[in-house]
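Chains: A, B, C and D, in written order; residue numbering restarts at 1 for each.
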């Protein structure tokens, strides 16, 4: 796990190879779960029956399922970006980190369930507040666990010491407001479910858009001309 | 992200490792989403009932689902080849590129829906023009986003400067006609749905067949004898 | 497969590349199967009907499906950690190892079935002992095959010779009690199904929690200050 | 694609990185499709109804679905081993190879369909010969395409020139008899469906068992003592 400079070059090749797998496999499993959870969402999109009279109308009436699909895609995408922001600076892991990561993946793989829930109840006449609450709670726990993962890796010194401090704190500056917003939206959603749904969509898109903007500027600044 | 030659060899190993993950994870997620979306298509193939009288007949009558399966497989395969053609020359990425890539993946993961739509309505007596239009629109947006991804990476100078210019413009010379064809087919499909379906099949196969033929010739030309 | 120090640097690059794929692909397939099996579990979670009277109540009555989801997630997660513990120290593989690994993956990909079984029968009034027995047997065979995989790799000398002996025996010290517990729980489950379910949950969590705790301490002990 | 020895070491790092992705992504997509197709098989296993009288009996009567599950797992596993045997010796690819590989993946991702077909019709009283024929044809085409992929890579000189000739011909010595057997079994299956099913199972297992036995011996023979 520790990528310490090895004394002999020949020995380091054979020795480092098995170690490298440790975080590689964690990342391999994580990308698999993210990719699968994000692709499973499409299974819940219902095609209008072939016997339907007005297919366009039927399709337009199914807007809640498309909305839920896009919100969840954006939310899982945002979680993936946040997860990437953590592993990008990681130089080693430990058993607790791997366990926390499994918890994050538990929530990621669970996301299709609240998505289906949301899509079902927005479509019905039933008060959709329960679906909205369950959905918000799932996203809140997911983001909270991502924050915990970042916090743990930082406390244990698992991040690359060369990473500038403002790059690492950028994660917090994004996550804390997002998590606060989810808390507020869950409370609001109990009374105004529509507001919460719109809120979930807005956060997911904001999260995706400028998340690493500053980060890139920082790393590319002192770069010498290539070739 | 930037693979600049590092001054010290010892330092470069630890420093470059976390950076390399950045595009690795984007590619890992992308391959995962492509692989799942392309494999999910099989779930919509319906097996004849065990109580069916004439199973061969039943199987042959289900030709629209096999047609839709093969067209969508070829289309997602073509999109994957185009995506590969972009990432092959990539030496760095940024936050906007990652976001555009997520949009591409949104469309890729969505493809099983229009496929199911197409397969359902070709089978019915219902005018299938809506299904054909929805399908064409999905593919058009997917290809348009892939073009945008390529255009953005080129504008930002993310491609390997060693790549010959004609290799990079090859992408355009394939994509522009393909996108134009999809526009024409969507319009045609409103009046002659069958023509559009045949057209989608033809483009997907043309796209797959000679896409990188020239590209390979270019790179293998000046190669010295190996060993 | 063998990562022996190559005499010439130039030759080693081309020669080692294809060899490296051998275990890379086995790990790629394994992570894929683990990721899909762990994410497929969500498909069996049923959303309350939109016409349900008391949705909260309906949701709470569905607790067996959430319990089965979490137990199976933890169990597959534990199996993945054990699998990682094997491949982390691996420096080469052979054909028999690849075959044993496929057997492990057969059981991993099978896990969603006993999970669905368990979730269906805990919910019913029917004696759930059969579901509990089938579930326990599946987990027992999975863990047994993982143990066999480890034992085989050790006997054939496929592990990195630099790995300390206590790291390698740590696997046994975890697996033997776990496997014994599953045997006891399957027997107990025939008479007290609830005890077995609780037991499966406890083992999975214990397995996940401190599995590599000692391992990390061992490797990080003699480490020189980084930079 | 071409891993020619680069003149300058510093330049080779930046230049080779994007090239390496070309076959990496093909392998990434392939492993994803193999892993997904092999894991999707579990979705077709039906759990006995919670209201069933004799659950054991119900479970035992469902043996055809478990048989089809295991045969298809072994068959896809065998195809994966054969695919691995090809990519292990690969030092470069081209556009035609990538296209042939997509055709192989089309068949791999299709396998859950004939599996479901087989499982449905073995269970029914209906003559299962059609299901057996469809299944055999799918496997035959899959293996034929794998052979074509190998043949093409060999003809184009894409294999590592250091690979001993007998290692490369080993592929043929396994594939030719397997393909011949499938042809015979499909013909036989028309009259004796049960014989064909048993045959498919036997080939898949034989294929998995000793496929690379010789191969490993060859590479590990001249190896100097490690450390």
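Definition applied: a residue touches a chain if its C-beta (ideal position, glycine included) is under 8 Å from a C-beta of that chain, and two chains touch if they have at least 3 such contacts.
In this text, all values refer to a predicted model and were calculated from it rather than measured experimentally.
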Shared chain contacts [chain B and chain C, defined touch]: A, D
Same or different contact residues where chain D meets its copy chain C, judged by the half mark: different
CA centroid of chain A to CA centroid of chain C, Å: 24
Distance between chain centroids, defined by C-alpha means - chain A, chain D (Å): 33
For chain B, residues contacting two or more additional chains: 4, 28, 31-32, 35-36, 43, 226-227
Touch list for chain A against partner chain B, complex: 3, 5, 27-28, 31-32, 34-36, 38-43, 45, 47-48, 50-52, 55-56, 59, 69-70, 73, 77, 80-81, 84, 87-91, 160, 162-163, 208-213, 215-216, 219-220, 223-224, 226-227
Residue ranges of chain C in contact with chain D within the complex: 1-2, 4, 10-11, 13-15, 17-19, 21-22, 24-26, 28-29, 31-33, 35-37, 40, 43, 92, 94-96, 98-99, 102, 105-106, 109-113, 116-117, 120-121, 123-124, 126, 130-131, 134, 161-162
